Amino acid sequence: MTHAIDRIRPLDAAAQEHVHALYRHLHAHPELSMQEHATADFIAAELDALGVENFRCGGTGVVGILRNGEGPVVAFRADTDGLPIAEDTGLDYASTATGTLADGTEVPVMHGCGHDTHVAALLAAARMLDASRDGWAGTIVLLFQPGEETAAGARAMVDDGLWDRAPRPEAVLGQHVMPLRAGTIAISSGTAMAMADALRVTVRGKQSHGSQPQHAIDPIVLASSIVTRLQTIVSRELDPMDPAVVTVGTFHAGLKENIIPDRAEFTLNIRTLTPPVREQVLAAVERIVKAEAAAAAAPEPTIEKLYDFPENYNDPAAAARVTTALEHAIGAENVNATGPLMGSEDFGHLGSAIGVPTVYWMFGGFDRDEDVPMNHSPFFGPVPEPTLTTAARAAVAGVLAWVGSDDEEATA
Amino acid sequence: MTHAIDRIRPLDAAAQEHVHALYRHLHAHPELSMQEHATADFIAAELDALGVENFRCGGTGVVGILRNGEGPVVAFRADTDGLPIAEDTGLDYASTATGTLADGTEVPVMHGCGHDTHVAALLAAARMLDASRDGWAGTIVLLFQPGEETAAGARAMVDDGLWDRAPRPEAVLGQHVMPLRAGTIAISSGTAMAMADALRVTVRGKQSHGSQPQHAIDPIVLASSIVTRLQTIVSRELDPMDPAVVTVGTFHAGLKENIIPDRAEFTLNIRTLTPPVREQVLAAVERIVKAEAAAAAAPEPTIEKLYDFPENYNDPAAAARVTTALEHAIGAENVNATGPLMGSEDFGHLGSAIGVPTVYWMFGGFDRDEDVPMNHSPFFGPVPEPTLTTAARAAVAGVLAWVGSDDEEATA
Amino acid sequence: MTHAIDRIRPLDAAAQEHVHALYRHLHAHPELSMQEHATADFIAAELDALGVENFRCGGTGVVGILRNGEGPVVAFRADTDGLPIAEDTGLDYASTATGTLADGTEVPVMHGCGHDTHVAALLAAARMLDASRDGWAGTIVLLFQPGEETAAGARAMVDDGLWDRAPRPEAVLGQHVMPLRAGTIAISSGTAMAMADALRVTVRGKQSHGSQPQHAIDPIVLASSIVTRLQTIVSRELDPMDPAVVTVGTFHAGLKENIIPDRAEFTLNIRTLTPPVREQVLAAVERIVKAEAAAAAAPEPTIEKLYDFPENYNDPAAAARVTTALEHAIGAENVNATGPLMGSEDFGHLGSAIGVPTVYWMFGGFDRDEDVPMNHSPFFGPVPEPTLTTAARAAVAGVLAWVGSDDEEATA
Amino acid sequence: MTHAIDRIRPLDAAAQEHVHALYRHLHAHPELSMQEHATADFIAAELDALGVENFRCGGTGVVGILRNGEGPVVAFRADTDGLPIAEDTGLDYASTATGTLADGTEVPVMHGCGHDTHVAALLAAARMLDASRDGWAGTIVLLFQPGEETAAGARAMVDDGLWDRAPRPEAVLGQHVMPLRAGTIAISSGTAMAMADALRVTVRGKQSHGSQPQHAIDPIVLASSIVTRLQTIVSRELDPMDPAVVTVGTFHAGLKENIIPDRAEFTLNIRTLTPPVREQVLAAVERIVKAEAAAAAAPEPTIEKLYDFPENYNDPAAAARVTTALEHAIGAENVNATGPLMGSEDFGHLGSAIGVPTVYWMFGGFDRDEDVPMNHSPFFGPVPEPTLTTAARAAVAGVLAWVGSDDEEATA
């Protein structure tokens, strides 16, 4: 039997070197979320060079449309943004780029989450699919999405009319490089990644001189009580079978050791796997924050939402279809089932916004299993091969599960 | 100049031995609060023997009235109850008595707070004053009050018509043995002892199996949070110059390690020196208890008052009068000014109930200054002398500040 | 195709009524853990009546051996003990029994965990298997195990030479009634139930009068800090994907509100699913308990182990074998896959002690899905049917997965 | 009888207006601690104008020496620095000055603690004493001390050879404006103000992504636990009669809500009244910080001392001498006894460094008793009169207690 993937010719040496050059360029020139201007230009130039119709969407997003006659439509997404991290990989193509945060601070920027591999792999996949148009039929929408790290990009593209401007797909696919062995893939059925909610809490106390607590309402003691009490949400309120994380990632209060300040501010990052647990945790956070303020005789604190990452749910039927295709493409022994990850992604929104299934998987990027730097580490430097070839082949196999066909007679 | 005290003849050897025998008997036969039946009989028999008019008041209280013609009225109080402690002093007159608590438990009883010295000293003072009627004029009301340890006795006597049945005094005096050197006295001007409030808090959660916190509201975690948070009342809400204590003395919850129980119960003992601070602390306790329950999504806890000890305030003018008298009686070098103690007493109610000033002082009971057992210790065993002679002389001097007179010509 | 179960004849009406009478008798006469004397006699009498060889083991345990020629050996376990709960089901065969706890307290006893259904179902299964000896070959070891609730019984039987005295099985099977719909079964592959560890912690402070915290080390504040801090083990130290529970089920300290006591005692119930997580949690508990005592300048607390429940792990191959058999026996639509439960069991020890796989499943006991009382509730009253028939049939199907055989030709 | 103060002539109208002009200039031109260059020049120019010998000491400190023949030596100190506060008094001479913090930040500066009144009053006193040299004999050392707010100035002057370069006094006096009624003074015998210790604590955890607490040691949860636990020092470890404050004035950790940071930093301000309590509190802070880190399995935190304010103890004999002089100078009804304040001062070091007694008092600066802004408030604006006249007269009276004399015959 011939599998759809067998009809797609691999890249020749020159094309492969071109992809590697692309990758090294991307790695060396990361840009902060929603500021991926040069990256967008770079991607568009490559699509232009391939003759793939493309347009900007959601600011620094790029949409390429690879049309190949009648047939299903499927979309594949690569995210494009870097992170405010000073790269310390020692690679000769390491980033020395800088960027400017919203508050005006200039910071080093790094592809510390490996989105450069996503872009390079999708461009390589486009090149392969373009070069083997006889092997498939339909339309492939290439989504180069900005601002994944800030949960802004998927919404920005959808809000910018993505699915009015591009053909509506039957499914949206995506993938992410992970600290797994290069050449392998991990895919789940059902929840792929956690939802994330970020909140900012401002507790207000009453300022006084440090020697006069009787005239103060101490916001540091109050916020510390809240942090301590928030631990009970995961430890006592949730079903132990429902994984969840409530992290207080920042806590800032006070300017001088001898002044009890008038406020404290902290931010929360909350991870949950299902909407009911998400609602339960958010309600518990609000309940505890307010009640602890009442215990301190303090005014009701302010709770602001900073952002939220949506569900990233692998539709089981679509996931099964992709899994079969991946097993053919890279060998069943290299495709592992996995459960949900506590990390988050805004990928799901690209499908849920129009009610189509999404499938998302992880591909390895390292030549070893242990002591691998995690994503967001200054040491996160995937090995280019077999990382890129695997990821490109996985992307091709994924889309072919819609626009290709396995053919029993073909071998005849 | 002759001081009033100089007109009172000391006890002779026989009388002194009688007082010591009284003391040893009292020490060996302590009774629990409001159960001082034998003690009351014993005191009344001694008053009868002295020919001092007396009656029962407030159950096991005894009031003696020593009348000596026209003149001011002053009252002196000795408290009579023992404690549920197993004596471990090794004294040959140590207590082997037992008593029955409200719940029916039989317990050992000990004069672990030294009230036996108070009774013996007041009986000795009565004997001296009776024997030197030429040295004073007026009426001395001897108050043998039960139930000091439970804050029940002073109220019981007042509620039983004490001040309708006995002459109303110009002042009420009292004294307490302390771990100070015998032969010395300490007296404050203003607050003498702390007010005390005892509360019982019952927090209600929701029971569940220990493996299913998601179905429970955990009252142990809740009550622990309350205990932790209560610390901030003293540390952060009060003026550091306002001494206060918030003690959680008991905490009981749960029967089995694998069941999250449905409730936890704890009791509080609160000490404050002024009514405004008392109100502030009680309000803060209630606020914190309720808010922490809200933080746990638990029902509002129950807060019950167990008892309260009233102010014990030394009227400065009356205290100055007493201090002068004490300095004459036992030597100025043996009378020390002191500030308020955090211990509590229901003594103050005997005066405040009728709006007359009270004065209360401490006398030493030990032949050393260091490593002295504290009141309520199983090892609390005052040395009889000079403890009793000093206390009796102090009582005489105190009342003489009202019913005696210093006389400049007397030495002529 | 004929399935092994098809060769076992159902109970006739008289036998069924006999089983129900057995069940009602057991329900009405529960006994506390390791005191199941009458229950053991009752079981032995029934086995004797069936002509099944049996002996006592582990005190109040009973082992029946149903021999039927050459063939594999398989064991099936039913646990026999009740709980110190006052039954409130309103059933006409409700328990009015009492028992005596280790401390001498007399308490009501109830089959609040449904072990009576386990015993009745296993006796019914034995009756069926005995009556259809042509349908299977080999040996079935019937384990009526005492003391499951206290984690004592499985160890007691093993320590009493169980596997020297009874034939060694290829697998040990067991089942438990749950608040599921009667007629259904839930079974997991891999971990079936949590390990449980119970600890008693005694923290020592320093006693003082409630008004003198400066002379005390407050064990209630210390233990409350520990309880609060223990929450961080689940919330911050464990992988959110590793379910675990750290419950403080009891907390006792202090006799009187105005004495800071010299110690506090609390007990912990810890649930984990894997040995590494178990070790991590136990180490964290010890670390936190000791460090918090150090923070309080208190002596090192004592941590005593009360008991531990072992792994209850469904060997995947054996579980698959059982699942297939159950699907044939009660319909695939009534057999649900499930994950691990946070409850615990000492069942696993019966197999792990000799290195043979165990398989454990849950059967429903209620005629509805919602508002069902949980095990250990005073209202826990399973409906006899289809509960007992399903459980008996499941037990038969389970053992037949070893001593029976499916036969393709049989239908021919 | 003539009191020494009666021999000093009050300022005439022109001189008084000069002093007010001085005051308004000082108020409008505050400088940050240890940066009081213009202030020092201004003071030196005034002393030069008065013909008072002077020199710089401790950087921006100024020492004036008013010699008047044989006689005792006494010193009087005024502190000179302002605070980084934006003045909001609405006064027409309000400050619009700015200064530069150690980190380079430019900030508004205000005489928010009223040191301008101290300087103006001491210059006025010098003018009066200079103009009435017939009324006293001896030497008065005028200490214009910089950097009180940062506890740097007194040490800087002493370390710069103050008492080698200026005559050694028999006593050092000082005063501070407070939210009391202008025209009144409050003075204590014994401890005048609290010692203060400022510490910076850096707790180190282990960084990880916010969704992966299992790879982190969470320093925010740890520091929050420390803050919570520190409350027990005041609430449970100290004698309730020993006032003390443990304030956490700043708490900073984390840059991003989805990263568990690797450290948290907080600062403490500790107030105690006696050296033993100070040692007890500092030891308890260290013990708790270290133990809580151990509870979190975190490395041992770093505790750095930022500064400490020394004892400010009013030698009782010297304080009695000053009190009598003040009563003569401004009326006994305007001089109130007070206890220690929880505020702190480095004044005491000026005397303790050479073992001479110090006396320090408070003078009022407001025309009302209620709703008065506290020191360090942006609204702190004393009324010039009778504030300055009272303070100048108090300074004169204070030094005269050493260099003046009361004379019974003088009135003859």
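All chains are identified by letter, namely A, B, C and D, in their written order; residue positions are counted from 1 within each chain.
One rule holds for everything that comes next: a residue touches a chain if its C-beta (ideal position, glycine included) is under 8 Å from a C-beta of that chain, and two chains touch if they have at least 3 such contacts.
Chains and their UniProt names: A, B, C, D = Hippurate hydrolase.
All values reported here derive from a predicted model rather than from experimental measurement.
The minimum number of touch steps separating chain B from chain D is 1.
Two chain pairs, C-D and A-D, are weighed by contacting C-beta pairs, with A-D ahead.
In this assembly, D is the chain whose CA centroid lies farthest from the centroid of chain C.
With centres set at the average Cα position, the gap from chain A to chain C is 44 Å. Once the centre of each chain is set as its mean CA position, chain C and chain D turn out to be 70 Å apart.
Averaged C-alpha coordinates give centres for chain A and chain D that are 56 Å from one another.
Contact of a single residue of chain A with at least two other chains is seen at positions 211-213, 218, 221, 225, 228, 231-232, 235-236, 240, 245, 271, 342. Of all the residues in chain C, the ones that touch chain D in their complex are 211-214, 216, 218, 221, 225, 228-229, 232, 235-240, 242, 284, 287-288, 290-292, 294-297.
On the chain B side of its complex with chain D, the touching residues are 228, 230-236, 240-241, 243-246, 271, 339-340, 342. Partner chain C is touched in their complex by these residues of chain B: 194, 196, 198-200, 208-213, 215, 218, 220-221, 223-225, 227-228, 231, 245, 247-261, 264, 266-269, 271, 306, 341-344, 374-376.
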